[in-house]
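The structure that follows is given in the form of structure tokens.
Labels run A, B, C and D following the written order; every chain starts at residue 1.
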């Protein structure tokens, strides 16, 4: 990882204010994306992974949301403090996003060709007719059969997998440096999921585009990512190279997650679930947020927030007992 | 389309049988002061002594031929009288609806852009107020202030000058405007918080374009539906406004005929209005298909 | 009238999974407009219940000195809003008139809701044919301007209070019918209804235990907004002279009677109209508050403190 | 075709549920004049399987393969177009009202979405005791509050949770409530329709363990429907793989996962992303072309042929039957050109 970072998010904090409660959706998250690499942000629902992505894309709805701290350096500029007008010129051109629900994310009343062409037109790339031509070519590139005819079709005329291809076409239209994919295959079947993931991998390889992949699926992380950031309760609790992290986790949460995944096992053998419930983001536990569910928790975990430790080259973990966990075998 | 044609048929049947429900239809057709001889003669002339189904066939046939009865008060075919009244109402309704939609979309979209902002609060309260204002009361209060006290506008009547139009149009606008602002605001809010708007923003589409192209285009579906209902409801407003301002439109004609018990005109007016509404529904359906590709391909 | 709801945003949903509901009176207290509206409607309800008994005599008592009296305190506190051409207290008449005005609207809305709600449940939960017949009937009623329908029917069936209520109720019924049916159709496809069916429950059990409790709040919201528009229709009809007939007192009738004295005694038409407007406005404000309060997606807008918003 | 050989767990027992030729076509009947469409969706087309007491039969497949429709028809939430389902020898589809009510006690269901499957306006106590309101003779009224709380404890919740409303719980807790409700009538068969798909990984394991504990304790037979292959593998004694309304392959968990005979099963298994760092799996990945065809217009012959790399002329014409495979009598697959038996051990 000698490369200069493409996107560096530091200490990001996002809150949602509802009534008397303040929900700390993102609570000091750090992660870095490198050129040409794929970073997976892994987390369960409520971990703050999606909110982080939307915040970086400046899509957070304010109110009820509010950015209460942190920076996101992209090409040397803090994009969170950039004036909106300036950001609009960058958004979609330098950094693009693909969402989970492609049907809802495409405008139902415009043709897919129009929607892709709009990307070219608003960034002043080319004329209307040329934009349409390029839209057709793009649809062809993402593997839509009879693409040139289908530019005139509306989103509801496509199947789930095809819609996600349209979304990808739209996102990569201007060859962005960074693509944020927010659970792009969660709603899709495994066979289609494999196709879409391959497509993203291909395009990334082809154009040197970096990808931030938001997912809750360990398998997908292994499949496509170079580095991974594991999120829990709004913080990145562990980060590093995918194979290292998932083979030798240094945070109890990652370890517990791997252990709770149903693998091929003998019948009658029970899974090892993570005890307890996900944290209440409006009322986070003291010290380490994970301590009530953690098998390694000691007194210090209840009192003190853990420091960020480096357990190996390029590996960080936010745990008082990171070293102990790091030497724990995944499957006991 | 189907439902409006069924409604049309249902209405014609209802009009026919309502007249018979109340007893002897001659009571309805003739002025209250008509003597017995006239009544009998009239009943015979119009076949009211015949069985109902024969009368019904005759009635429907009459409609098909454009014969909607004869106004005894005015001594003219009811059809002609109603047709003469229509342009006034149509002009009034058209002007009003154009203004309602223009203003409501502007105000509603701006209110939705910053929900709970200052503009939104002002817009909400004023739209709720206009939607709650009794139109007849606003009309006479308006006359009191602008015509009687200030002498800026004419008290009533229809003329060529714009001063004749200001008050009737304003009064007629009040409730549809108030309602439409809320509808536009709500559907714009819905559209603006949708995932496709997020996509548009992520593409780098500017806020103005997000609102007026991406969101508004979707919100239009609801706006058109409500505008259609309101255009039908214009008749309601026209009844009051035309009566208060003395405009010779269909609303005033109908109220006058009811009070004068000129049944032929009432019947003709209902039939023609129902047909007009039928036509309107067809237009709305077509508009809907044009606006929503999902309906087009179903 | 179309009710518009917004779709939840995907981002928000993730962050706000666990939330505690606030009691309704706290939500009401947060929205000052809705609060005032609720208070005003309570005052009107008070007038409705005891107004005629309390002030019935004052409202009909002639006072020659107070003929067309200018609003003010010269003729005593009851004449604060002025007197009519017979010297009767306008204030007393307004209070007494509340009963007719509001009870006609309330009864009409209640009938419309009961009939519409029941028919809607039937249309939503029985065979297609019955449903079709009911829906087409609703089409017929709905595709015709309500005021016009009222004018015609009252013309043929003479303007008695009972007829007036029936007409107003009939024109409003289709709205409840449609909303109920749409909700029933939607709810009966929900998984918890399937779960109940899988447990062996019958139609009636599902309607009573699962569907009715969810439809009821929606209907209540529509009722408040509908109450406003029915009251306007009733007043309009009274104004045209085909509603409730004198000597009964209603606000619409008072506006109509006052119209003849517009130049000499503007208050005769002005105050009754204002009463109508305040009553409808209160109902409308309360209903838009209800809509927010019963919508889990929009609810946060009420829960958010004003102070916090001003920070941004 | 007799896919009825029991799994080892159920050896020597008679099946509790025998499904034969279950077919469900949507839009085929009940169309009304102007609104009906001539399109017929063949959601389920001749599905047969047996379920033995105390075992778990997994049902896997991608969306639109008809696995949920099978569940819904067995529960009579949909009426089948054809076929039989013998519960203890009596056909579910021809039962009258009283028999149906009796069956409801013996066969219960857990749904996918824990939020949607509980009425948001009912307290947990009312939700769990609803079955006793419908079947009043099961538990006397005065004992119900106690029984509700006992049940809550048995699924890992607290007694005082009975007073709360669904929105005050997390997804995993709600699913526990759903399980408690299904247990109120002491069923013999439980249809689990994607019970853990909506749950996060950390919670999913808790619920799976709970389901397994309940099965051990009460000897309930599960039909376990899911699209997640590893979850099904963990849960099931036997597995049926469905594609476009038909069973493609059925066998014990070891047979199906260790040595898939149907090309679709093989492709499906290879597409599932796993936490497996040996590159072996990656390189063996079979990337299927295209998407599942519409059940309104399924391909002729073998339904998988449009995406199958082995398809030949014969697959267009002949509908493949479920044929017993050589590796054991319980293993059946519907393919003209089945995959060779894998020699290596199941991984």
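Just so it is clear, a contact is a pair of C-beta atoms (placed from the backbone, for glycine too) under 8 Å apart; a residue touches a chain by one contact, two chains touch by 3 or more.
Nothing here was measured: the structure is a model prediction, and the numbers come from that model.
Peer 1: Using the touch definition from the top, how many steps at minimum link chain B to chain C?
Peer 2: 1
Peer 1: With chain centres set to the mean of the C-alpha atoms, which chain is at the far end from chain D?
Peer 2: It is B.
Peer 1: Where the centres are mean C-alpha positions, what is the separation of chain B from chain D, in Å?
Peer 2: So the centroids are 56 Å from each other.
Peer 1: Taking each chain's centre as its mean C-alpha position, how far apart are chain A and chain C in Å?
Peer 2: Each chain's C-alpha centroid was found; their separation is 49 Å.
Peer 1: Taking each chain's centre as its mean C-alpha position, how far apart are chain A and chain D in Å?
Peer 2: Using C-alpha averages as centres, the distance is 32 Å.
Peer 1: At least two other chains touched by the same residue of chain D: list those residues.
Peer 2: Within chain D, the residues that touch at least two other chains are 170.
Peer 1: Return the residues of chain C touching two or more other chains; collapse runs of consecutive numbers into ranges.
Peer 2: 7, 9-11, 17-20, 304, 309
Peer 1: Spell out, as numbers or ranges, the residues of chain A touching 2 or more other chains.
Peer 2: 45, 54, 59, 61, 99, 101, 104, in rising order.
Peer 1: Which positions of chain B touch chain A when the two form their complex?
Peer 2: 193-196, 198-207, 209, 214, 217-218, 291-294, 297
Peer 1: In the complex formed with chain A, which residues of chain D make contact?
Peer 2: Checking each residue of chain D against chain A gives 9, 62-63, 170-173, 200-206, 208-209, 212, 227-231, 233-235, 237, 253, 257, 267-268, 271-277, 282, 285, 287-288, 291-292, 346-347.
Peer 1: Okay, in this complex, where on chain C does chain B touch?
Peer 2: 1-2, 4-11, 33, 135-137, 139-140, 142-148, 151-153, 155-157, 228, 232-233, 235-236, 239-242, 252, 255-256, 259, 262-263, 266, 269-270, 272-274, 276-277, 280-281, 283-285, 288, 301, 304, 309
Peer 1: Give the list of chain D residues in touch with chain C in this complex.
Peer 2: 32, 72, 75, 77, 100-101, 104-105, 108-109, 111-113, 116-119, 121-122, 130-131, 133-135, 167-168, 170, 178, 181, 185
Peer 1: In their complex, what parts of chain A are in touch with chain B?
Peer 2: Going by the criterion above, the answer is residues 54, 57-59, 61, 84-85, 88-93, 96-97, 99, 101, 104-110, 118-119, 122-123, 154, 156-157, 167, 170-171.
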